[in-house]
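Both complexes shown next keep subunit A, but they swap its partner, so subunit B is in the first and subunit C is in the second.
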Partner chain A sequence: MRITDHFPLTIVVGTLLGAYLSPIVGHVRRRWLPPFAVGVTLLALIQAIQLNIRVRDCGELTYQLGGWPAPWGIELLVGPAAALMVLVLAAISTLIAVYCMAYIDHEVAPHAQSWYYAAFLLLLAGMLGMAVTNDLFNTFVMMEITTIGACALVAAKDSRRAAEAALRYLLLASLASTLILLGIGMIYMITGNLNLTYLTRELETVWRQYPRLATTSLGLLTLGFALKAALFPLHVWLPEAHSAAPTPSSAMLSGLVVKIYAFSLIKMNYVVFRPILGIVAPLRELLILLSAAAIIGGSLFALVQDDIKRLLAYSTVAQVGYIFLGAGLGTPSAVMAAFFQIISHSIMKTCLFLSAGIIAERTGRRKIALMDGMGRVLPLTSAAFTVAALSMIGLPLLSGFIAKWHLFLGGLEAERPVFIGLILMSGLLNAAYYLPVIWRFYFVEPQVCPVIHGDPAGDAGALGAPGSWPPPGIRRRILSRLEAPLPMLLPVVALALACIVLGVWTGPTIAHLAGVAQTIIGGPGR
Partner chain B sequence: MDDDVILNEVATRVVPMIHVFGIYIIVHGHLSPGGGFAGGTVIGIGMVLFVLVFGIRAARRLIPEDTLIALTTLGPLWYAGTGLVGMALGHQFLANANAGLPLGNPGALLSGGLIPVITLGVGASVALTVAVLFLVIVEED
Partner chain C sequence: MTARLAANYPYVFAVVLFVIGVHTLLAHANLLKKIIGLNIAGTAVFLYFIAMGNVRGRLEPLVDPAHPHAEFVNPVPSALILTGIVVAVSVTAFALSLVLKLYRHYGTLDAEEIVRLRSILDEDH
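Our next item is the complex of A and B:
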């Protein structure tokens, strides 16, 4: 076997190894930790890119652990959808890891940093595993790894509020895990398979004998994943967890963790339980209703927040609604819109959280009322925030618009134009809570001008040893013009540019995603 | 409690035996009931007994906190490293007999290819996790 044949596995195991190595790296020299984490995520990104090229050229890839053939051994399967998820996960977390290089000292205590990175990489490994596995129980195991990593990332901040939020998150996530395990038990009972391909094949013949068990199992899985992905009435853990966590964790949780559960939910509903798709229409109806409630409710809650990170957290509740709306409608355009929203929201929300993090780190301000004049003090950060926020609202030429547009089309295809009204209304609501922040950035004269703490050039000194190129003098002159250390600024600007690129140059993305959606809802069983 | 003669004398003799028994369970993991998890727990409980009798400071003198934490990660690394052997031999991750590794005589202590090797990793990580969890909870009070 060539080394590239191992990529479906090594992308998970490599990240996992990185997670276990990071306490040792931190033990040897703490300064090596951030570059080490960037290296691990970068390695995952390279493998993800290669996997995508491979899947595009040669179709689905399978990998059998230990060489045991499918129904007995654990099988990994990378199809177009999984490859896409893997790419999003690896790319966004690489940027977050770069951001951490300069940010980590601000919110995570030095002695906790090696554990923070261990949890960070563990979380990434868990999510990558959930994306590539083709085994139901393996999905559960990876999901537990993800949950533990996510809770640890919230608890990493040494504050009472973070500990409380992490505990609440842990309790509700465990409840969701229990529901999912129960669902797995039921479906295993009637099909006798854990491999998803074989399970689907078996379900085609046995569901008529056990229609109730099959539907209950899918219901439990859907409920569990919806709770973990914070679908509206089940979102109670999210705002506190996402706003109390350190900023890189918030970006990870809001940008990626929620998406992987939504992806799993789509996979379970449309691929694994395809044989009973016809009899679980009420379940999808419920998803549509709840997502409509999420889109409106999340935005209404966001309207009344005074803390910028809480506002962003509630906005996630609303935006996740779009994914579930697309998944519930189930037409080709709607499912494609759901996938586009997964990508686009992970870019936008990561950008928003990271720039809010820069604002908090540089000026110590988190309250929206204190954001006056920020556009003058932190021009690049504010510009990136503005681009991402406008994209959230759904302005044309930005990625959020494309997602909403295809959701429109999905609503028309499903012959339910009421959702067009819903999306328009939610766009107005989004504008109602994002525009005041932008307004304050640029058009309000501050009463007390925000002061930048610390010197970006001084902070960035850790980037290279003295004597390296460019010489410290020039480095200082270039960097002191920047509003924040380069590793923090770079991901934010890159993500804002990605919003624009995805919004303008949509052709290839749309064509690719249409293919992905086709494999999810239309294609053959495998 | 430090100068309780009976406790000290009994513990001095019992703790090594508990550890040897734990190691016995781990290395016979592929032959008899038990294995990495059960044996690792037994070893971990031995460490907990040591801390209870001789105090947390004695334990810290033996293994400083940082070292213990770094050691905890060695178990999973060992496991994953064993998986890489199959890959190095040109087969899948965790490949055992199909990668051409000798299985030996069933029932012999050295048999089953990589299985006894991999249980060592499981045992180490479980033992150290039990110890670390106990120390964390004790130190918080």
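Our next item is the complex of A and C:
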């Protein structure tokens, strides 16, 4: 037995343990907290990479918890899709944890920080669990961990706006959980299995007997996940939650949390409920319609925002529409595009939120009207923001273009060219709200020049609290030349580069994702 | 139809309760009532699960050497719902703490009133 055999379990449990330990670490010494969180996420990232190598070489990996064989015990299953999801989750949250090292003091009160990290790691553990589990009830439990962690991350900012947004998020997400649990109950009632593999096998024979119960169950699961993933008319909680939260939380929520629910929705529709795929075509049709509404509606709402984080939040509503459009069309290219969009959007949106965070932290500005001349004051941050925003618009050579291109092809494969027009129009709309920001960055003379608060290296200035970065002794002189502390700048630049790399060097990614899409919509059984 | 509904009355109750809960959650402005609604909807689902595990005329799932061939009800849904209850309790606690925080800020539990107050407060800034 190789050590990688245990990684599906340890990647979740290790992160969970990190979550429980972080209040203790924070109690002993608050300074150790940020590096501790980075360590935990890094550990998850290493395991995620190993898992991907393992799955690529030896095929999917199953793990039986406590050694109880499949239909009775809980089974974890890492196929190519789950491995990919785990990698995205671990990689992005590692970068966010690095960003937190320098940023956390800005928006989270010192006494709340250990709990903030606890919620952060709890959220990551819940999402990883949702990705690897092969058990329906376990999915529910992990989903609840994710929900509570996500709401706690919003509530961590001690403001009335954040509390209000967190409560609304919590109530609607819990309603979605209740719907999903009801759906789980219905499908358990007719199949008698919670293990997804066995459930699918059983469903092949019993759905003819209970077609209504089976479709209602899938409908409830889809509705629940769509509510959690903020599909258009159900997105009401998202803009406030994502914009009132502290910036690392916004990045986490917009970049990852929404994606894991979309991933679960795809998994439920195409893998678990594959036997009834033929009779739920109206459901997929509804998904397509709503995603089209999301793509247009989200962008229209984004157009009228004056706060940069609210603009980014509404842009998430629109971009999630692409994932659902791909999932709804269901052709190989479309599902591939949905997966590409999951990766690409988590990179782009995290980059955008984190750079907006740097701007807010350095200059105290969040209104779009005050972004004039930012390109001169914060050149690297503005460049990263610009790259990610252009990628959102779908400029060639950037990752957003590749996602849109394959969605194009998916639209052609499904013989519905109307969606090509839709995607083109949405590209124009994206340009209409991202370009003015970029324009202000570089081409508008500022009336009042943005002032950088504090010294990036010392943090002894306006920011007050003694920052944890850099520890005394590191070459302060070089660091103080940077526009922002290195731990904040590094993830932003890395994510912007990732946008470019994914957009230019697409061959291997596309080939891999095509395989992933094939396992989702084509393969036997799973 | 009526006979089938009557025979499956626990499920009918569960669905009615669920609708009541969801309606309370979505239609009431009072934040506490919203949380109560969420709990009612959750309880309805728990009831659904428990009813599903029951098989009329069978024994509780305890192995008794005196009756080696006894047939049991399905204990799995009850076990699942134990977890569900724990989750519901923690979500409720979290929601209540947020409501408390909001009450300290606004001095009211009425969601519509909070929206009104917020627009006034936001204009001041």
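Worth a mention:
As a working rule, the second predicted complex is superposed on the first by the 508 of 526 C-alpha atoms of A that agree within 3 Å, B and C clash if a C-alpha of one lies under 4 Å from a C-alpha of the other, contacts with A are read in each partner's own complex, and residues count from 1 in each chain.
As a convention for this text, a contact is a pair of C-beta atoms (placed from the backbone, for glycine too) under 8 Å apart; a residue touches a chain by one contact, two chains touch by 3 or more.
All values reported here derive from a predicted model rather than from experimental measurement.
Upon superposition of the two complexes on subunit A, no clash is found between subunit B and subunit C, which fit side by side. With both structures placed on the common chain, the touch criterion links A:21 to subunit B but leaves subunit C unconnected. By the touch criterion defined above, A:171 lies against subunit C but remains apart from subunit B after alignment on the C-alpha atoms of chain A. The partner that reaches more residues of subunit A, of the two candidates subunit B and subunit C, is C.
By the touch criterion defined above, A:67 reaches subunit B but does not reach subunit C. After overlaying the two complexes on the shared chain, residue contacts for A:6 are found with subunit B alone; subunit C is out of touch.
This overlay, made by fitting chain A, leaves subunit B and subunit C with a least C-alpha separation of 7 Å.
Subunit A makes touch with subunit C in their complex at residues 137, 140-141, 144, 147-148, 151-152, 155, 160-161, 163-164, 166-167, 170-171, 174-175, 177-178, 181-182, 185, 188-189, 194. Subunit A meets subunit B in the complex at residues 1, 6, 9-10, 13, 16-17, 20-21, 23-24, 27, 63-67, 114, 118.
Residues 66-67, 69-70, 72-73, 76-77, 80, 83, 86-87, 90-96, 98-99 of subunit B are the ones that touch subunit A when the two sit in their complex. The part of subunit C that touches subunit A in the complex is made up of residues 18, 21-22, 25, 31, 34-35, 38, 41-42, 45, 48-49, 52, 76-77, 80, 83-84, 87, 90-91, 94-95, 98-99, 101-102, 105-106, 114, 118, 121.
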